[in-house]
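After this come two complexes, each holding subunit A, first together with subunit B and then together with subunit C.
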Partner chain A sequence: MSAGATAGVASRRTGPPAAPVRRARRRPRDLLLPYLLLLPACGIVALVVAFPIVQSIGYSLHHYNLREPDNAYFSGLDNYIRALTDEMFWRALRATAIWVGAVLPIQFVIGMAIAVLMNRAFPGRLVLRASVLLPWVVPSAVVALLWRWLLDGNLGVINDLLIRVGIIDTGIPWLNDPSTAMAVVVIAMTWHGMPFFALMLLAALQAVPAEMYEAAHLDGASALQRFRYITWPSIIDTIRTTTLLRIIWLANSIEIIWIMTAGGPNFATTTLPVVTFFEAVRGLDFGYASAVSVLLALILLAVVHLYVRQMRKDD
Partner chain B sequence: MSAQKTSISRRTLLRGAGLAAAGTALSACIPGPGTGGGGSSGGSQKLRLRYWAWVDDPTSRVLSDLADRFNENHPSIEVDVELMPASAVYERLLAAINAGDPPDASAIHVNNVADIAAMGALHPLDQYFDAMPDKDDFVPTAVLGSRLGDESAPLHTMPWYGLVSYLYYRPDWFRDAGLPEPRTTDDFVSACRAVTDPAAGRYGYGLRGATHGHIHYFIWLATLGGLEAVQGPDGAPVFHQPEHIAGTDWFLDLARTHQVVPPTASGDGFEQLMNNMKAGVTGTAIHHIKSSETLVAALGAENIRAVPMPVGPSGRRWTEFGPSMNAVYAGGQDPEAAWEWVSYLASPEAMRIFCTEDGGLPVRQSVGADPYFQENPFAKVSIDSLPDAYLIPFTERPGYARLAEQTWPQLTQPALAGEMTSAEFAGRLAEDVR
Partner chain C sequence: MATASPAAARRRRSIVVIWLLALPVILLSLGPFLWLLKTSLVPESRIFVRPLEYLPSTVTLENFVMLFERMNFFGYFANSFVVALGSTALGLIISMSSSYAFARFRFRGRRFFMTLFLVIPMFPTVLILIPIYDIMRVTGLLNTYASLIVAYSSFTIPFAVWMMTGYFAALPVEMEEAARVDGCSRFGAFVRVLLPTAVPGISATALYIFIVSWNEYTFAAMLAQDEAVRTLPVALQFFITEFTVNWGLLAAGGVIVSLPVILLFIVLQRQLIAGLTAGAVK
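The block that comes next holds the complex of A and B.
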């Protein structure tokens, strides 16, 4: 510690207020150093986040199809107008809303129930924790194939079981009927993503001090009251973060739908990412596909904004 | 707006998009046994040719072995074979061509040739082919396939092998029902009705309602009314017009009226088609020789047979010839050296080896006459069907991929369920390739 600083401390303790200590003048190199240290991280973010976003926006403003590389030109908002006037875009948007709106609450409720269960001490808890993780660690593509075979209309195990117990007489084409296709992809995705909620909520539950429950118990609080007044407020931030992340992931997810139904039948499971994927990878229309993905990103931004604003209001 | 005036830095845009597409496509790629390296090797004078292809069995070494044989006899060339899934080849090709770095040669699906040719990426092969002393040995349908069905068009690709669609059927089912093998479309419908038993989970026909099932639809339409009921003289679709809609009615009635297809038909693709045959769910299905081995293994040689497509009311038969071919790229290092390689693959020796191991049909008459192919009943049916085998119409049209991979699989469900009229169904399909 410098002599000046020591004198300052002493004066605070004993004497009248001292004159303000003059800060040592920092050299320009010291001022720049933090920014220089941040530069690699900024560069990486620019490369892997900002550049693709800017490039996608750029493509969305061009007529650009890989089949016609010599016919790429700036087309302004044409791709956006095409999307917004295309009935398929609005159908896909509705399907995306149904997909997210169905999977999210079911995953959350099941995940919460499992988290509460795993937070209790009982024999075999470790085995349950490990087995709950299983759907999460299986790759999405494998999950989709697994469910596709389970639900196969002719040879699937689920139809076979239902026929054996006498619930149905002949196999149901689950994936080939518009009235059941969305429901079964929702079930598959729920199974796959539910451990995410279970684990995150379990971690939050375990951070709640046990003393609070003991005190509430002594005060005669019921189980429901303990959940409402202790558990829920303690884990609400985790719930908000996980649901927000899940909304974004679900709205962007494609692999389970693509592998199980390819967006069919009769476009019943065609969500916006399916449209983007088809237009870019099959249609090779990068301009239009980029416009659809930019619109999806804007819709998601709006949803996230509303969600965060509501969270702040609740606070 | 003029493209000339407003074009952005095209090279930059194309390279960026090419890389983006490559990123997407690469996720589906499986590295093959070759090294995949391009350009001349640093230490030697050998020209290293990049060749992309697919084989049905990804563990097969048949192409690498052929490349080894070729390399031994060509001291100045070394072919690097890179295998990838069939579905990835086209996407990678487009990305590579746009990025200015195509392979020297590749296998290519007939459906994709028109697009790649329109980009000016293919090196025409007429001059080399015309100089071949044994060029007349090639099956004319295959050569025509390399010209995309137009005699006056350049030879875009080198014929390699072919696949001819025919009808598989279960002789044990037919025998039990007292039915002869299906020779006509009427026989076919009657037989399908006779063997269908939904309570037992048995159906007469394995209809392919998922992607690329339109091929079978067009086969039936052309069988029933001739190709002129599918495609007009100018190449435009006519199958949706009122005078030809009876063909679509006949096809959809297999589900709507006769109910001889499984209830899953609208979503059944190749995988389900084969599994349904193997599991005894369906009694007939259209496919080609490449599925014969797995069907025989599952059902036994006595319980699976093939016949040429049934003839229509006019006595005519029509089926699909699916040519597999190799392309040489104009942007490659040395098109002449690449020609050496693809012409070697089409040589009698290499064609015999490849078709024997990979299951394709040789497109050289001398190789087709080989006892191996003549004694194989499925190859025999394929060869017998060749005179009535043609390219599927509309493959050269830009909307063909959309028809095959989006419109068809999405609309088969309402069409087969009777929720969409034949005219609407055919009209929506025709719209893609108009």
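The block that comes next holds the complex of A and C.
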């Protein structure tokens, strides 16, 4: 459950425009009032978001290690050069791309299937809805613990099931093997996030007027045609927004990876936010960590820009 | 009821098909957590039994007892509770007036400010994490509840502003206008007319903030490492590194951390629907 994701949920609900208050324009006190009302939220946000972002950019241009906080000095682009010439940075960028590129489509397909299923009226539907939402509510730290346990090399239930079915002979230490570790964190994250997709798509599906389906049915359209020509065009906007929010959220997420693998083994699951977190928490190198986080923000900004431009072109 | 008409038969068949599809989904959603629950309820010795027991042969609460008696879990629980409650209170109080402004006024820059609150949560957490750590360090707030409550407002406030704007805007303005014609001040109309009708929406927002704050890990791991203020997710992570082999205890920890939010979520589901329908009545 990320705040970034939820903002999307909220924005969908803001549809009806506020009714303008009549006479508001007459008195100067009322002209100022909305700005005064915005002051508390804007003030706090300036303190905990805007100021830190500026500060981060400042740190990134300094040599600044918390082990010797008094020995901080302006170092220009040194931190950026260090990052961009470090093979680790590029590996982490690749890992971030794989992480987002793997979780997103799987979550989408499963979420879509669940949404279509939940959109049907059938006895026991509420049981399905409540169960489907559970993975979303479980705290990330627990999700990480849970999947570590399920995929444990010796005692994990997934190894046990695979052995029973005969797919493998002995337990696989999924998390300790660099070639499978990424798949494991992807599975955990997919499980955690699929209800979000399901909910958003369900909301979109329910907004499609039933008469359209009835009309198409009378005209003899097949189920596939109904999906292609009625459902898809109606939900495509939701899909685009949800996907964009997910990309941002996934690219920024730390907790699952950090608690499951701490970026290992052999840096196989070290994404860019994990690099930053690692440098900040373990290395206390605030200057370098800030530079990497600024680079991450810039890369994301570029992705969002390209994405939105593509969306406009498609319309 | 059960006639042999072809339509009824077809309907029954389609229900069976839907349930055949729904069952794997339910299993996928609940299964992993149920396995954790099962692990937490069996004695440590039974975890190593081969072949794996899919249904527990003995059930015990010893893991939970140990968790609370020996691990200071009550302390972490209380910390999480204070932080989540504080974040909820701060988030709601600070956001309410902005939501009112967005819902009830047309003013220059309205779109800009609304977009601002929408975009803020999209910035990487790591980008603001380090400076916030430094702010807390310099002001001496590191390892206090306040540091987390303030840090969490970076995502609770934008969310609360958006959500409550939606609820407020959906409520008819006429009642407030009537109250003001009757001599009520603007503030009076807000407190006595709008707030009471918006209670379902506000409580949905509150529950949501509570859950998100309860679950938060990244800020908590950075700002409140001290044992005295450590919240449950961070405590759980410490546990994982300390007791790697004691899975019964870890599982019990995971269940305890999740239980409050799962219970709250059941409430939230109802509240959300109530909030939405309240807005729809015109």
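We adopt the following convention: the second predicted complex is superposed on the first by the 271 of 315 C-alpha atoms of A that agree within 3 Å, B and C clash if a C-alpha of one lies under 4 Å from a C-alpha of the other, contacts with A are read in each partner's own complex, and residues count from 1 in each chain.
Everything that follows uses one rule, which is that a contact is a pair of C-beta atoms (placed from the backbone, for glycine too) under 8 Å apart; a residue touches a chain by one contact, two chains touch by 3 or more.
Remember, predicted model here, so these are calculated numbers, not experimental data.
S.K.: Is A:L146 touching the first partner subunit B, the second partner subunit C, both, or neither of them?
M.R.: Touch partner of A:L146: subunit C, not subunit B.
S.K.: Who does A:Y59 touch here: subunit B (first), subunit C (second), both, or neither?
M.R.: Both partners.
S.K.: Should A:W99 be classified as contacting the first partner (subunit B), the second (subunit C), both, or neither?
M.R.: neither
S.K.: Of the two partners subunit B and subunit C, indicate the one touching more residues belonging to subunit A.
M.R.: Of subunit B and subunit C, C contacts more residues of subunit A.
S.K.: Could you say whether A:A280 touches subunit B, subunit C, both of them, or neither, answering first, second, both or neither?
M.R.: So A:A280 meets both subunit B and subunit C here.
S.K.: If you stack the two complexes on chain A, which partner ends up touching A:W191: first (subunit B), second (subunit C), both, or neither?
M.R.: second
S.K.: Check whether A:A289 is in contact with subunit B, with subunit C, with both or with neither, and answer first, second, both or neither.
M.R.: second
S.K.: In the superposed arrangement, does A:F108 touch subunit B (first), subunit C (second), both or neither?
M.R.: Neither partner.
S.K.: In the overlay, answer first, second, both or neither for which of subunit B and subunit C A:N71 touches.
M.R.: first
S.K.: Touch check for A:F89: first (subunit B), second (subunit C), both, or neither?
M.R.: Once the two structures are laid over each other on A, A:F89 reaches no partner at all.
S.K.: For subunit A, what residues appear in both contact lists, the one with subunit B and the one with subunit C?
M.R.: 55, 59, 152, 155, 280-281, 286
S.K.: Using the touch definition up top, name the residues of subunit A that touch subunit B in the complex.
M.R.: Interface residues on the subunit A side: 55, 58-59, 62, 64, 66-75, 152-155, 169-173, 175-178, 261-267, 270, 278, 280-284, 286.
S.K.: Quick one: in the complex, what on subunit C touches subunit A?
M.R.: The touching residues are 14-15, 18-19, 21-22, 25-26, 28-30, 32-33, 35-36, 39, 47-48, 51-52, 93-95, 97-98, 100-107, 110, 113, 116-118, 120-135, 150-151, 153-159, 161-163, 165-170, 172-173, 177, 186, 208, 211-212, 214-215, 217-218, 221-222, 232-234, 236-237, 240, 247, 250-251, 253-254, 257-258, 261-262, 265-266, 269, 276.
S.K.: Given the complex with subunit A, which residues does subunit B contribute to the contact?
M.R.: That would be residues 1-3, 6-8, 10, 13-14, 16-18, 20-21, 24-25, 91, 94-95, 97-98, 115, 118-119, 198-199, 201, 209-211, 262-267, 272, 275-276, 279, 281, 398, 401-402, 405-406, 409-414 of subunit B.
S.K.: Can you tell me which positions in subunit A touch subunit C when the two form their complex?
M.R.: Per the stated touch rule, the residues are 1-4, 6-7, 9-11, 13-22, 24, 31, 33-35, 37-42, 44-45, 47-49, 51-53, 55-56, 59, 113-114, 117, 120, 122-124, 127-128, 130-135, 137-142, 144-150, 152, 155, 157, 160, 191, 195, 245, 248, 251-252, 254-255, 258-259, 273, 276-277, 280-281, 286, 289-290, 292-294, 296-297, 300, 304.
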